[in-house]
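Report on the structure given below.
Note that the chains take the letters A, B, C and D in the order they are written out, and that residue 1 is the start of every chain.
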Amino acid sequence: MLTIKFFAVLRERLSSDRMQLPLEQPKSVSEVVEQLKQQSQLWHKELSRYDLLCAVNQEFADHSTVVKEGDELALFPPVTGG
Amino acid sequence: MLTIKFFAVLRERLSSDRMQLPLEQPKSVSEVVEQLKQQSQLWHKELSRYDLLCAVNQEFADHSTVVKEGDELALFPPVTGG
Amino acid sequence: MLKRIKVQTEDFDLEAEYRQLNDGHASGAVVTFSGLVRDEEGQLLGLELEHYPGMTEKALSNIVDVAKARWPLHAVTVIHRVGYLKVNEQIVFVGVASAHRLAAFEAANFIMDYLKTRAPFWKKEHSVHGEPSWVAAKASDQQAAERWQE
Amino acid sequence: MLKRIKVQTEDFDLEAEYRQLNDGHASGAVVTFSGLVRDEEGQLLGLELEHYPGMTEKALSNIVDVAKARWPLHAVTVIHRVGYLKVNEQIVFVGVASAHRLAAFEAANFIMDYLKTRAPFWKKEHSVHGEPSWVAAKASDQQAAERWQE
């Protein structure tokens, strides 16, 4: 399973803070995102934002980063702390 | 009279923290310094330091600044506060 | 180097943090930055701070390590509050102790710039009118962070 | 802008100064710099700080005015101690409050650079061996001040 976490406006709009996704083989983050977009028009819209950021296993990652079974993927908008 | 103040190492070496100098007409700071140098070999040596700074009426000034009757001239080495 | 990273709901105390930065030896130079919830002409009530538990402290710790590799530092403390913060409350603290004034200034400035763009925090504004809304990232924050890349 | 300049023998309290910088309104960003007498590997006992009474406060005030003209600042405090200061004691405090983080950092940094080269203070070191000696001005301080000239 791949654990996927959502934060901030994405978490709110998707009404989901985390989900589990079966992962038969390693995939890039963008492939995972494309798969998630198929869930509904809403998910398609929200996950299509140009500035979608991601972290893999709690480190910032690129959309080309490959995730595998047991990994934690997080999707979120640009950060605004400080 | 021109009031002249000395600070830090200059004050110590000249054994003087202030003096009064009769001033018949306005003079540049460097002219005043030249005059002071005539007092003794010690004064000549101490006032010949290349990095001698000055303030006129409590504002940083150049050696070309003109001082007149009633002014306060201060002579000192580079500052080292902070 | 002493490194202290805290992500907490509680407020922090500048004097206590300053004392800890100086603990043991006088570094010569201590720079602190405190970020507060700004009163936007009476329009803002407060901010909700969300973060990514697990990743947040790691991200802050990485940022401090980058600073440490770049400047000679004795001690660094980073505190970031989360949860609901009212106007005038403290949000973030960065404290840096070094033997060198410029190193302390630059490292604190750098840590704040990186924190703003590379630590998983998100702000939601609660104002006197309308629904709460998520704060948009600022291009100026991104530019501020980029100036440290040589 | 609130401007507070103090030249004093007494110590100062970071927390109290911080509170005064924030008094009335939250500026968003507060940067403080504290300079302490550094323990030079146990060789130094303390510093004697001489200044030019009458000129000193004026010079500090001028420096703050230059900063104010250059950055949007809400409040600035500068405190410089004089007299004999032992190792680990605080010498100087600069606090700047602004709506803008970068303005607060730059103004505090600028004020320290100018203070080091344009305020009439002189330090004399008392060490464990030998006669007390006057500290020589550093070329690096001069260079640090010059980088603000556009």
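The working rule: a contact is a pair of C-beta atoms (placed from the backbone, for glycine too) under 8 Å apart; a residue touches a chain by one contact, two chains touch by 3 or more.
On a predicted model such as this, the values are computed, not experimentally measured, just so you know.
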- Item | Components of the interchain contact network lacking chain C | A | B, D
- Using mean C-alpha positions as chain centres, tell me how far chain A is from chain C in Å, no decimals. 26
- Chain centres from averaged Cα atoms put chain A and chain D apart, in whole Å, by 48
- Where the CA atoms of chain C average out and where those of chain D average out, how many Å apart are those spots? 23
- Message: Can you pull out the residues of chain A that are in contact with at least two other chains?
- Response: 82
- What are the residue numbers in chain C that touch two or more other chains? 35, 101, 112
- Item | In contact (per the touch rule at the top): chain pairs | A-C, B-D, C-D
- Message: So in the complex, the part of chain C that touches chain A is made up of which residues?
- Response: 35, 49-52, 54-55, 58-59, 80, 91-92, 112, 115-124, 134-138, 141
- Please name which positions on chain A make contact with chain C in the complex. 5, 7-9, 11, 51, 55, 58-60, 74, 76-82
- Item | chain D-facing residues of chain C, complex | 13-15, 18, 22, 25-39, 87-88, 99, 101-102, 104-105, 108-109, 112, 144
